[in-house]
Every structure is written in structure tokens, then in C-alpha cells.
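Each of the next two complexes has chain A plus one other chain: chain B in the first, chain C in the second.
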Partner chain A sequence: MAEFKKANSVGEWLDQRLNTTMLTKVMMTEYWIPKDINFLWAMGMILAFTFKILLVSGIFLLMYYKPDVNMAFDSVNYTIMQEVGYGWLFRHIHGVGASLVFLIIYIHMFTGIYYGSYKKGREMIWLSGMLLLVLFSAEAFSGYMLPWGQMSYWAAYVITNIFGGIPLIGDELVVWIRGNFYVADSTLTRFFMLHVLLVPLAILGGIAFHFYSLRIPHVNNQKGEEIDFEEEANKYKAGRKKLSKVIPFWPVFMAKDVFVLSVFLFFFFYLVFYHYNFAMDPVNFDPANGLKTPAHIYPEWYFLWSYEVLRGFFFDIGPLKAADIGLAAFGFAQIIFALMPWLDRSPTVAPASQRPYFRVWFWIMIVILIVLTIYGKLPPTGTNAWIGFYSSIAFILLFLLLPVVTSKEAAVTKGAK
Partner chain B sequence: MADKSRRAFMGKVLAGTAGVATVASLYAMKRTWDPLPSVVSAGFTTVDLSPLEAGKLSVIKWRGKPIFLLKHTDDVSPDDSRDIVTQDGRYTVVIGLCTHLGCIPEWRESESIFHCACHGGQYDIHAKQTFGPPPRPLDIPPFAIKGSSIVLGEEGPEYKKMTTQA
Partner chain C sequence: MKELKILGVITFFTLVTYWGVEPLAHSIFHPHVDPADYEFKDLPAVEAKGDVAQGQELVSMNCIACHSIEKAGFPAPLDNATANMSYGVVPPDLSSAGAIYNANFLANFIKDPATATKTAHKFTGNKVHPMPGYSWMSDEEIASMVAYFKSIAPASMTNEEVFVDACGRCHDMKYSKNFATSDVSNYMGSTPPDLSMMIRSRGEHYLTTFINDPQKHLHGTAMPRVGLNESAQKQVVTYLEEVGDSKKAEREGIAPYVLGFLAFMAFISFLWKKEIWSEVK
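Up next, the complex of A and B:
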């Protein structure tokens, strides 16, 4: 048995039993972050914090929410909004948080793409991040169903129906997922379970894995420079802090992170108190009605781009049915970002601004995503339908062309260097 | 050596038991998500079509789905592969869910079309798709003709004839 001496302080007592000194070093004071980064590197911590806000506000909502088709709508719109002390606050925090978490996820994701932080050993960071995007999407979708308003109901209807497009088992699968022939009480209760337990558990695991996957390849930097972390860490520990290219996660990097987080929280609570309406669709304040489709169905803003890809193909092409092409394109859009590390054929890790071809590719992609997002909200008629069609095509072509663009670029820049 | 084969044997037993338990658990979990027997058996709905007014759409609910009932006016060309014929006339009886993504189309009497607001799909009076993303006509629910009434959920000879034609 290990020998335990009498401890002289609580800290020492814990250190003997839990090795807290070593733990602090590994996780905080000797976890090295490059100096050459900017505020965009704070998005991860903002996401972790926003998730925490969602978790806490969700716990308070959970105490009054009733997952039953006859009670759900009133438990949210009457009990929580009007009776529970500060219930409105927790609901608005939860709704605004759900929206902003996607804003930050997208910034985080496009920062990664812009700086090439998904290759040369960082592939697992990228993949675990994409897994988290899928999990957050599942969380957002299942949560959107819970208030049981018209948009909740019809979003649930349309999204579960998408599984009907799977060959052979499609129709039975839809009934199985819903637990009924239509979106019903069984659907609400099972998605309630997913929203409050299974998916959050998976997200917690995903976040832990995402952090861990950073550990060996380390955080990228503004120039894409390859840093010898051990050597730079030694410089720092030897007191040559100015010369060293790295800083410890705690307290140096976190000081900066907390500043950016504070700025974000001002914005967050400004929205919660003064502009929460953008996250509260008016149509969803009508109780769910399975016999009356709202005139116009659209998802929340963060799903609009992939929704537009889904409905962009509105006519049959040869033997292919419009709905099947749309479904295939939608499937393509869902997985294609995860393949970035392999679609980018250039070994260069550098910001897009220093990559002649990739720079152009990156900004075209951003523009197309914005166009898809805007037209995803508009009714798909006349010109709108054609803009949706062409931008969906452009989106797919863009990713099919990425390997060509990046190999060409690699050939050109190699010649230059 | 004896030790080794004993461990290998124990390993196989463990793997086998765990495998069976996993399959059994997955089956039980899958069954938990199946529709309940009360849900499955719910609903053989009898509807009397004789009071319907030609050209005006009626909507009833069957197994949680809207069912469109539309009596044809005399000038509508007959379509035996789609129309339900009773002693009182010809009817369009379909599940009122767009075959694209399940929204409920609206009946526009003046244009004689069903129009789906979600993605712009259109169907003619026989509920056959004429424009937009719908991959097939609106589905005809299983029915059996009983005089001037129909029973939804029961597969009568007319329904079977219709489905074998298609």
C-alpha cells in the first residue's frame, strides 16, 4: 500500500490522494497555446460556456415542462411564461442560446477552414467537431418540437418524413421513429427523452473527446506555423517568456479568452432581454394542429442552407425524381464538410489569404452559403426556386472541385517556393 | 497450456453470452419504439359519401391523417385508375398529405387543383401530380365500398383492383 504522511493543508491532502498538482499542470498551467492567435481562437471556450448556459436554463425549464400533447403547449406558454418566477427569462435564455450556439459553431468551423486547422495531424479535431455539429443539430431539432406549436409539429413532420426516402424500409422506418402513423404523443415523448438525456450525454462525451483530440497536434496559429511545443515550453519555463512562441492555457490564455467571452455575453444578454423575438417564431405560438399546415414552413436560420439544398431540386431529371435528387443532395451537404481534410489536397497549412486559389474558393463558399440561407427562408416560387436550384448546384460543384483547386494550388505554390 | 485453453474457453463463453445479450437488448429496445398495439389497430372509419356536394372538398381524419373527399362535377373526365365510384357518383378519395414531404395541400376550386404551399407542388382533380417536387399522385387509402359509404382501412375488391393496375 502507498504510504500516506500526515498532510499539512487541504491542498496537500488532496494532492496525496488525487495528484492534483500534476493534474493542474497537465490540464492548465503546462498546456501550451501558441501566442500568434486572435479572438477567433476564443470561440471554443465561448461554445463551452454557451452549452453550460443551455444546460442550466434547460434544467430550470425541465421542472415545469410537460411532455404530453395535451399539456406541452400550455406548460410552456402559460405555466413557464406567465406563472413561474423568471420562467420567461429561462425560456428566452434557452431559445436565444440555441440560436447563438449555432452562430458560434459556424464561426468556429469557418475559422478552422480559413486557417487550414483540419489537416496535418488535426483531422480528428475536425471530425470530432463535425460530430458535435451533428449532435447539436439533433439537440436543436428535438428541442424545437417540445413547445408543441405549429412549427414544432410541422418541422417534426417534415424532418421525420425525410427518412421515408430511404429505399425499401423508408415507410416503416418513419412510423417506427414516430411510434405512430403521424407525429403524435409517442413522438413527442421520445424526442423529449432524446433532448433532455441521450443527446446531451452524447454532447458531453463529444466535447471531452474534442478537447482531448487537440492535445497531441495542439492548437493551430494565425500563420499555420509548425511549432516545437516542447522547446518553446522550455523557453517559457526558463523565464524567456518574450522569446517563447507559446503561453500556458491557464492563466495567460484564459485571461484573453475570458475577455472575448465577456464581450460575447454582453451581446448574448442584450439579445435575451431586448431582441429575444428573433428566436421565437410567431407561428409557433399557435398550438400544433395535424390537420392544418402553416402557409409556409421553414426551419430556424441555422438549418436554412441545407433546407434550401433539400428543396432546390424541384423538377425530375430524366428517370430521377425531384424528391430523391433533393434528398441525395441534402445527404451530400450533411457529410461533405466532414471530408474537408481529404478534399483539400494541398499540404500547406496557412490562412486562406495566403493561398491564391483556396482563398477564392473559401469566399465563394461563404457567399453561396449566405445565398442558400437567404433563399431557404423565402417561398420557393418563380425566380426564387431557380436561384435555389442554381445555388444548390453551385454548392455541390464547389466541393467536387475542391480537390482539383487545391492540387493545382499545391503545384503552383511549390514552383514559387 | 491448460491455463491458456481455460482462459480461451472462458473468453468464448463471455463473448457468446455478451453477444446474445446485446442482440436481445437491441431487439427489446427496437420493440419499445414500435407503435403500440392500440395505435396499430385503431381505426376502420366508415364515411357516407352521399351528402357531399360536387366540387366542394371535405376533409376527415383517419389514423391521424387528413382524408380528402371530393365529389366530381359532371364535366370532370372520368379516370378509372383513380376515381372511387359509388351508386351516387365519382369521387376523389385520397390521403391529403403531399407525397413530397407530407404537407397538406389546399383545394383551389376555381382552378380545379390541389396546391401544396410548402414546396409548390400541384395535383389535378384526380390528385395526380402536375407540377413541382411531388414524386407520385396523392395516395389512395385502403377502402371498401358499402353502398353509398366507404370503409377506410379495409381493402375491398375495388381497392385491390386499383393497386394491381398501378
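Up next, the complex of A and C:
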């Protein structure tokens, strides 16, 4: 057993037992971040904080929520919204937070793509991030069911139905997921479990993994420059702070993050008080009614692009059924972003602005995703259906072409050098 | 500067997406409808001058067989369950009719209920509106009854009273413990929804045009045009808001404080950032 001397302060006492000095060094004051970054590098911390907000507001909601088809709607809309002190505030925070977390996830993700932060040693960061996207999607989908409004019910109905298209096991799978032949109480209670226990636990694990995966490769920087972290850290520690290309996580990196976070929180709470309908769909303030199909069924905005890929293929092609092509395309859309590190064949890590072909590819992708998102909400009739069809095709082609585009680019830029 | 440019690009794409999934989508889901018409200009004007005393006599001869007029001392002739069974819906109390309905609408309603309420499409074949039309009366007589209702109308009503008199025979308002006097599912062919959360699910704009003329939004719906005048309808919508969005005042009250605090925090953290980064940059 180690020998313990009498400690002269609480800090020292803790240090003897938990090695806190070392811990703060490793985690904070000597955890090095490149200096050449912009506010986009604050998105990760904003995400961590928003998750914390969701966790805390969710715990408050959980104290009054009742997972039962006969009580859920009123427990949310009457008990929480009207009776419990500031219950409405927690619900608005939770609803707006769930929507904004996706806005920030998408910004975070496209930042990664723009700066090429998914390759050359950063593959695990990228994959763990994609895992978090999947987990947050599951969290949001299961949470959306809980108030048991019209959209809760019908989105659950439509989305669980999708699994019915899987060959051979489809029909059984749908029943297994719902716990019944139709969306019922058993569906609500199991999604409640997922939403408040299993998925949040997995998210916590996912976040820890994501952070850990950052340690060895370090975060990227605005130029994609390869930095000798040891050397630069030594410069910093020797006091040549202005010369060094790195900064410590605490307090320098966090000083900037906290500022960006404060601006974000202002925006967040503005939406919580004045502009929440985009995140809390009015249709969901009608109680679930399995006999009354709403005029328009659509998922939350952050799922629209992949939903549009699913329904973009609206006619049979040869022996292939429209629904099956759609399902295959949907599956493609779900996994394709995870494959970015291998689809991009160029070894260059640089911002898209400095990559002649990839730059074009990037902005086309953004535009297509926005078109898919917008048309994913509009009724799929007439021209809308065709726009959905062609942009789904374009989306798929875009990713199939990425290896070609990037290897060409690699050849061209090599020639120029 | 560069950071502002990045912020500009992100804001631009976010706003385009927002515009597409919110304003654009909603304008397509809910095509534009004309604003509420509180004068009910589609109905012919009943211009005759009425006489209160004559009106009182006509009402007590014709109407109290079905309707109560508590204010004038006429109790309901039947209990709710029996009335519901006989007419499909409990005839509303008429004490406040002169206050809540537009006068010309009321005159037209008495003459021909189905046309005035725009529900004639529900009463074809051998189905007739449960309230007989009085088009056999002269315009003077009709005007007299309207004048009588005006004379007994209360000077002011609470929002809840207006709601109960205008909508309470068909709709529940669970969250304020008001329950419909009738079960109209047989008569109407559809069950009127609970109105507790309508202010959040439909919003003020929709409600204003819908209550004024349900056919505008739900073509062919069974819900009658109720014929409320502007101030009575405002009271109903306010009541829906008081029940369904009861924390609105609290929400809007604390908002400036929270936002002010966050703006202050942003300012302080900006200073802190500047201070810390002056050492490294």
C-alpha cells in the first residue's frame, strides 16, 4: 500500500488519493488544441451542453409524465403545461432543445466534412460521431411518441411500418417492435423505456467514446495543417505562447467556447419563449386518434431529408416495387455518411475551399440535402414528387461519384505540385 | 471578419431550410382564406324594424317549447338527456342570444337554420334540421324577436359564459371542466373534438376564420356556422387561450429577464475570451 503523509489542504488530501493534479493536467490544462480554429470548433461543446440541458429538463418532465395511452396526453398538456410550476418552461426547453441539438449536430458534421476531419487517423472520431447521430435519432423518435398526440401516433405508425418492407422477416419485425399488431400502449411503454433509460445511457457512453477518440489524433484546424503537438506544447509551456501553434483546453479553448455557448443560449431561449412551434408541432397538440388520419404526416424537420429519399421512388421500375427501391435508398442514406473516410480517396486534409473538385461536391451536397428536406415536408404530388425523385437520385449519385471525384482531384493536385 | 462570413453562410442555409419547412409548407397545407366576415354579407339583410313587446309574445309562443330562456324565467322544457334524444342536440339557452349573435345572422337563422349555418348539405332527403325554420313569418315579426333578445341580453358576459352559450352544447372543454350538454355524434355524424388545446394545435388565426365560417377550412364539415359577432368571437378565442395556453402571461413576463441575463452573460464571456486570448494571439 502507498504511504500517505498528513495533507496540509483539502486539495493536497484529494491529490494524494485521486491524483487530481495530474488529472487536471491531462484533461484540461495540458490537453492541447490547435490555435488556428474558428467558432465552428465550439459546436462539440455546445452539443455536450445541450445534451445536459435535455437531460435536466427531461428529468423534471419525468417526474410528472405518465406512460399510458389514456393518461400520457393529459399528463403532458395539462399537468406539466398548466399545473406544475414552470412545467411549461421545462417542456419548451426540452422540445426546442431536441430540435436545436440536431441543427448543431448537422453544423458539426458538415464542419467535419468541409475541413476533411474524418480521415488520416480521425476515422474513429467520425464513426463515433455517426454513432451519436444514430443514438440521438433514436432518442428523438422515441421522445416524440411520448406526448401521444396525433403526430406521435402517426409518425410512430408510419416509421415502424417501414420495417415491414424488409424481406422475409418484415411483418414479424413490425409486430416485434410495436409489441402489438398496431401502435398501442405496449408501443408507448417500450419507447418510453428506450427514451428515458437505454438510449440516454448509450448516449452517455457514446459521448465518452467520442471524446476519447479525439485524444490521439487531436482535433483538426482551419488549414488542415499537421502539427507536432509535443513540440508546440513545449513552446507554450516555455512561455512562448504567441508563437506556439497550440493552446490548452482550459482556460484558452474554453474561454472561446463559453462565449460562443452564451450567444447560442440567447438564441435558444429566444426560441423557447417566442418561437417554439417549429420544434413542437401544433398538430401534436391534438390527442392521438387511430381512426383519424391527419391530412399531412411528416417527421420532424431533421428526418425530412432521409424521409424524402424513402418516398422519392414513387413508381415501380421493371420488376422492382417502388416501396422496395425506396427502402433500399433509405438504407443507403442512413449509412452512407459513415463511409465518408473511405469514399474520399484524396489523402489531402484541407478545407474544401482549397480542394478544386471536392469544393463543388460539398456545396452541391448541401443544396441537395436542403432540397430533400424541404420537399420531404411538402405533399408528394405532381411536380413535388418528381423533384423528390430526381433529388433522391442526385443524392445517391453524389455519393457514388465521390471516390471518382476525389481520386481525380488527388491526381490533379499532385500534378500541380 | 472570416468568422462573421462563416456565420453568415450558416445563417443563410439555416434560414432557407427554415423557410421551406415552416412558412412555405404551412402556406401549402393551409391555403389562404379570406379574413373573417363578422357581417355575414352572404345572408340577405332583414331590414324591418322590430317591436320588443311583439317579439316577446312570438318567442313565448314559438320558441320556449324547445329552448330555455332562464333570464326571462322560462326553464328548460325537457331535461338534457330527453332533449338530446328528441332533437339530437340540446337546444341552447337563449338568454344571451341578443348579445352573442350578429343580429342579421340571428334573423336569418330563425328563418332558415340550415342555410344560415351553411349546413344545408347535411339535411337532404328526409333529414331536416332539428329546429324548424320560421320563414313563414314576416320580416317584421322576425325583427321583433331579434329586438326582444337584444332587450333581455346581458350587458356584459364572461369569456366562459360566451363559450358555454355558443359552443357548450357540442364541445367539451376538459381542462376547464366544461362538458358538452349533448352527445351530437348521431346527429352530426362526427364527434366534436375537445377544445382544450385548440389554441396550440390550431392557433389564433385559424380559429378566428374557422369559427366564423367552418366551411372555409373544412369543406363539407358538420360543424355549423355559429354566427357570433366580433366581440363575442374574440371572447371565445380568448377563452380558448386562457384554458389551453394558461401560462402565456408568465412566459412572456419572464422572457425579458432571462434573455437580458443571457445577453449580459454573453457580454461578460466576450470580455473573458478577449482577456485570455490576448496572451496567445
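The rule we apply is simple: the second predicted complex is superposed on the first by the 417 of 417 C-alpha atoms of A that agree within 3 Å, B and C clash if a C-alpha of one lies under 4 Å from a C-alpha of the other, contacts with A are read in each partner's own complex, and residues count from 1 in each chain.
Note that in this section contacts are C-beta pairs under 8 Å (C-beta built on N, C-alpha and C of every residue); 3 or more make two chains touch, one makes a residue touch a chain.
Predicted model, so just to flag it, every value in this text is computed and none were measured.
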* Asked: Which holds for A:Asn70: it touches chain B only (first), chain C only (second), both, or neither?
  -> neither
* Asked: Thinking of the overlay built on chain A, is A:Tyr270 touched by chain B (first), by chain C (second), by both, or by neither?
  -> second
* Asked: First (chain B), second (chain C), both or neither: which does A:Asn234 touch?
  -> neither
* So, A:Ile247: does it touch chain B (first), chain C (second), both, or neither? -> second
* Go through the superposed model and pick first if A:Ala295 touches only chain B, second if only chain C, both, or neither. => both
* Asked: Just chain B (first), just chain C (second), both, or neither: which does A:Pro380 touch?
  -> first
* To do: Give one of first, second, both or neither to describe whether A:Phe259 is in contact with chain B, with chain C, with both, or with none.
  => second
* **Partner chain(s) touched by A:Thr21 [first = chain B, second = chain C, both, neither]** => neither
* Residues of chain A at both interfaces, chain B in one complex, chain C in the other -> 295-296, 379
* Structure fact -> The residues of chain A that touch chain B in their complex are 154, 157-158, 161-162, 175-182, 184, 186, 190, 290-297, 311, 313-315, 321-324, 326, 379-381, 385
* Quick one: in the complex, what on chain C touches chain A? -> 2-3, 6-7, 10, 13-14, 16-18, 20-22, 24-25, 28-29, 174-175, 193-194, 196-197, 200-203, 244, 246-247, 250-252, 254-255, 258-259, 262-263, 265-266, 269-270, 272-273, 275-277, 279-281
* Asked: Across the complex, what residues on chain B touch chain A?
  -> 30, 33-36, 39, 59, 61, 63-66, 99-104, 117-120, 132-135
* What residues of chain A sit close enough to touch chain C in their complex? -> 35, 38-40, 74, 77-78, 81-82, 88-89, 92, 103, 107, 241-242, 244, 247, 251-252, 255-256, 258-259, 261-263, 265-266, 269-270, 273-274, 277-278, 282-287, 295-296, 301, 304, 366, 370, 373-374, 377-379
